[in-house]
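What follows is a set of structures to go through.
Two complexes follow with subunit A in common, the first pairing it with subunit B and the second with subunit C.
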Partner chain A sequence: MANVRLKNITKRFGSVTAVNNVCLDIPHGKVTALLGPSGCGKTTILLMLAGIYKPTEGEIYFDDLQVNGIPPQLRNVGLVFQSYALYPHMTAFENIAFPLKLKKLPKAEIQKRVEEIAEVVQIGDLLDRKPGQMSGGQQQRVALCRALVKKPDLLLLDEPLSNLDARLRLETRAEIKRIQQELGITTILVTHDQVEAVTMADQVAVLKAGVLQQYGTPKELLEQPANLFVASFLGDPPMNLLQGELEYQEGRCYFRSGRSLRLPVPPLAAKGLQKSPGQKLILGIRPEHLTITWERGRAPWRGKVFLVEFLGRDKLLDFRFGDQSLRVLVPATFPVERGEVLGIEPQVEHLHIFDPQTGLALTGPPEGLRACSDHEPA
Partner chain B sequence: MRRTLVKKLIIHLVLLTLGAAMVLPFLWMVSTSLKGYHEVFRYPPRWIPDEPQWRNYLEVWKLAPFGRFYVNSTIVAVITTAGQVLTGVLAAYAFARMEFAGRDQIFMLFLATLMVPTQVTLIPTYIVMSRMGWIDSYKSLIVPFLATAFSVFLLRQFFLTIPKELEEASIMDGCSKLRFIFAVIMPLSKPAISSVALFGFLGSWNSYLWPLIVINSNQMRTLPIGLRYFVSQQGGGSEWHYLMAASLIVMLPVLIVFFLAQKQFIEGIAKSGIKG
Partner chain C sequence: MQDAYTLEAKAKRRRARKKAVQRALVGYTFLTPASAIMIFFIFIPVAMAFYLSLFEWDLINPMRFVGLKNYARIFKSQDFFIAVRNTFYFVGVQLPLDFCISLGVALLLNQKIRGLSFYRTVFFTPVVTATVAVSAVWMWLYDPFDGLLNYLLSFVGLGPYRWLNDPKMAMLSVIIMSVWKGLGYNVVLFLAGLQNIDPSLYEAAAIDGATPRQQFWYITLPQLSPTMYFVLIMGVINSFKVFTQIDVMTPGGGPLKSTLVIVYLIYQQAFNSFRFGEASALSVLLSLFILLLTLLQRLFLEKRVHYN
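Now for the complex of A and B:
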């Protein structure tokens, strides 16, 4: 087991900065996800942890050991590649046994350990097959075995579900989680899929263009996004973001957007804001935090249903205010027709307000896991 | 439906014609090798000899030390082939996967040697061999051919198609570079390696000019030179039936190897060409 600590890690490839001054404390025995769009530097971080890349600046610690100069084979890290990277000419058994063979372990010991791990991952019946004779999901399990058979302190997974079809993805997600918990191994996974990150990880680090945006538990990221990027990247369906400005009338605070949308801002949400009229703001609220009310008098917001999207379990109602749209999630059984005028009630505690210039959240800083202490947010 | 049929017919007709053009000289060779001395030049020529002279093949063995030539040719060809594969794999790996200053320039230079005709290097190489005191020995037949630009090029193109992750995975598994080359790269490159080996073997086996120059003693001769036994020294009537029989004996191992390995052979050339 190991606590992993990234201290001011920067990686440049020529003039391109792939990872920019990232600090992370990764607790042992947990699953941590590195989440971000492609090209955000998440895989680069993973390969630096594996030792395949060397950081340009900064230090990586496994517990108290600085590992920058330690070659990959001595780090005792297991890595599962996105493409699995199984040796095509070897059987599953030979693939899994390869790292042990290189350690010159006795044959009987190799046999024992391969069978042990094959049992945990449940691929005992596949050991004689070559990668070409296995499905993607089976190949992935073999790759997982190969990474785990060394009994690594740290397991790294690069986009573990991206090459699987939807059904298999669900199954594998649970399976990886089960294996991780069974072995209690510190796991870091890289993904671009927020659902994957939120469901599999105990904590998530959101990255964009090489810069760490926010680090916290899935709940914290969803409930208290630190900035617009995190707010819009996480959550499905995505958060409603409305551009507008503040307006004060008779001591009450309103959020005005264009000509047609004027929403009273609940006092609770307005509390943290500067009381400057005309201040440009972005208001964010998730579709599931808006409620439809029939009592029009009580409803703070009112709108006409522009579009009804059926999502299976839910319905997504699309209201239009000028050129801005507001989506509301309701149960699939909710009776609603296109063109109906309904009252909308926001759940005040879930309103987010962002500064359009900096993108930072203005409704109080999220509390939760911090990147390491000496990190200055950019 | 009909169109594709016509198209197929034309394609096969062309292929058959070309195939026949390739195979006819060979068949003529077989035919001649079974004729008697007087039958060879009979007019009009006949494909099937009146009485197949199988003993021609036995005579050939008696007339010249073919056994010795066979041994010489085999030793030279096998070592040359092995050398070409080994140096080819190592150099190709370096050019395909390792990063060092001037790599691509060196590779280009390497490729450029493909454009230098053999005749140009003949004399300089001879002088080198002579100064080393290697004339009339296996060394002079083997060493100059232990590395070729062609094998390096073919293997490099093939190695480039092997995913980089495999190497990274092997690093994670604690595999050294050399071990990776032998345990992963080489088994995966079987088609390319067999093409390189076959080309190397053929080149060495069929080599005529070079052995003629560097070999003086009868004992050290290789098969192609041995065939000269049946070419008349005076320039007059060669003993064609013996020459053809001997040539067939010389060709036999190559034919067998090609029949056994033709699938891999073609695959190797095709595959390394695709991503080239």
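Now for the complex of A and C:
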């Protein structure tokens, strides 16, 4: 085990559609993140994989086995709940031993395996404590042990870091990654934090309102967002999005926004566009793909620094053009003052163009939304 | 300079003290109604009972101090031992029945069923109905000649039974009615306890491989143990004090004294025989016994209770 496959999965609670026709292929031994804002159906997908919920429509496969009707007891998955759901009346040891005890393993064997996994997760000194006597981070580790001790085919983590403070989050992030690699276990990680998804996962599925938006490696999602939602949800600081329209002059294609913003669209990016002047577009570019230039004459855009935000290693410059704002990332050492007028040059190979009606990307490879491509929608 | 500081500090302390006194006064004022009721209706009567138990008194003649003679008389009387035996019979049957049935009903109602509040009301109605009224109704049901129970049982070829008139069945009849009447109270308590259990514990247990039966054993029971403990303690106290339905349904202690329980004996001694000293001594003994039982339960059961 196990390649996990979700085929046209829909889950409704009464009139609420929590998950809508989602298809996913989750490869063996990798970390896959389900990313999306709160309420987009991430937990529901996890609980369907665990067997707690039954899909309203569609099928779930573990390898070639259709598991829709298989109860959680027989699925051999480990789940770390967002709230940890440790048994409050049991010590950490008893909590971790519980799945083994139910399998009626001999006492000595249970002892051995609990200690083994406690060693890996480094909670050996907590085993006598009850959940009420542990901090959030410690409970989280115990919950992880309980999920791992039965050597599950599939490890499901529901927002494993959301209840930890910033420092512990960083530590635990690395820790989970280390344990996952050490055990080589297929892992699905649910998170609403794009940094978490991008840093921990081998591939990320972005969800919005129960609908899969895009599925790919973090690099793909960052470099070729399939739509406006993915573009704006991923990346920190978020992508600049400018509203404007196409303009043609002397056979060349320009993007114009307001009076002061005009940018030649490179032929590569323009390829996917219909050549209709006046077409409304949204242009996206990440703050790190804008460069400040001193040669004002050459720069396509010129703007006055409206705000300087210090981010530690970087500075974020905020320019205003009419009611549109453009953020540019520069090194912290970059000498700049509020009110200064600077030239801005976009790295045109990193331009994204979106249709404002559908939100879909008009540039980039056509396989942008490839997750459901090989299945017919129901 | 120094003086000004000390003066100011003194004034500050005085103001603080005054404020503390004021706050205490407010607090005690709020406590007054409750504590007045407690003092006049609980503490003073309890003290009076202890005091009276050392006297002979029939309300008419002056009180006469007799020391522990009332207690000695109790332990020599046959009725006392009959009453003790009957009381234990009542408690020993009614309490486990009530506990198990109410737990069962609560578990059933805790399934996701429609109209939960309707059923809850149905089960709770007997609890808030006057015991005298309920007893009267059950006397009709138990009527040996044209009671509903005998009528229904005749269809399955049973009976007729003499129920409350039969020395062998009278106590059992009272117990059945008491269980029916008291059930709803525990059902509501158990239901509240069950609904307090975090549903994700069951999900976690299912994923860990627990069958529904194992989930009941490893999750429900330990999580419900504080409620069970409370129900048990209160149940023991209330069952030992059973009186009203016994008095209404089987007046005079029932056929061949078969439903003569301790509180009924106390009542007889006080208001039929006008032996207030002896009645008080009996009350003291009952109180001490219940106290002892409660302490024993705390000693042996409380460690098994899992408070989250």
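Some notes on this structure:
As a working rule, the second predicted complex is superposed on the first by the 364 of 378 C-alpha atoms of A that agree within 3 Å, B and C clash if a C-alpha of one lies under 4 Å from a C-alpha of the other, contacts with A are read in each partner's own complex, and residues count from 1 in each chain.
FYI, contacts are C-beta pairs under 8 Å (C-beta built on N, C-alpha and C of every residue); 3 or more make two chains touch, one makes a residue touch a chain.
Given the structure is predicted, the values throughout are model-derived calculations rather than measurements.
Partners subunit B and subunit C, brought together by superposition on subunit A, clash.
By the touch criterion defined above, A:G132 lies against subunit C but remains apart from subunit B after alignment on the C-alpha atoms of chain A.
When both complexes are overlaid on chain A, the residue A:T358 reaches neither subunit B nor subunit C. When the shared chain is aligned, subunit B and subunit C each come close enough to touch A:F98.
Of the two partner chains placed by the overlay, neither subunit B nor subunit C lies in contact with A:N68.
In the superposition on chain A, subunit A positions 47, 50, 52, 72-73, 77-79, 81, 83, 85-89, 98-99, 102-103, 146, 150 are in contact with subunit B in one complex as well as with subunit C in the other. Of all residues in subunit C, those touching subunit A in their complex are 198, 200-201, 203-211, 214, 218-219, 222-223, 225, 306, 308. Only residues 163, 165-166, 168-175, 179, 183-184, 187-188 of subunit B touch subunit A when the two sit together in their complex.
For subunit A in complex with subunit C, the touching residues are 47, 50-52, 71-73, 75, 77-79, 81, 83, 85-89, 98-99, 102-103, 132, 146, 150.
Residues 47, 50, 52, 72-73, 77-79, 81-83, 85-89, 98-99, 102-103, 146-147, 150 of subunit A are the ones touching subunit B in the complex.
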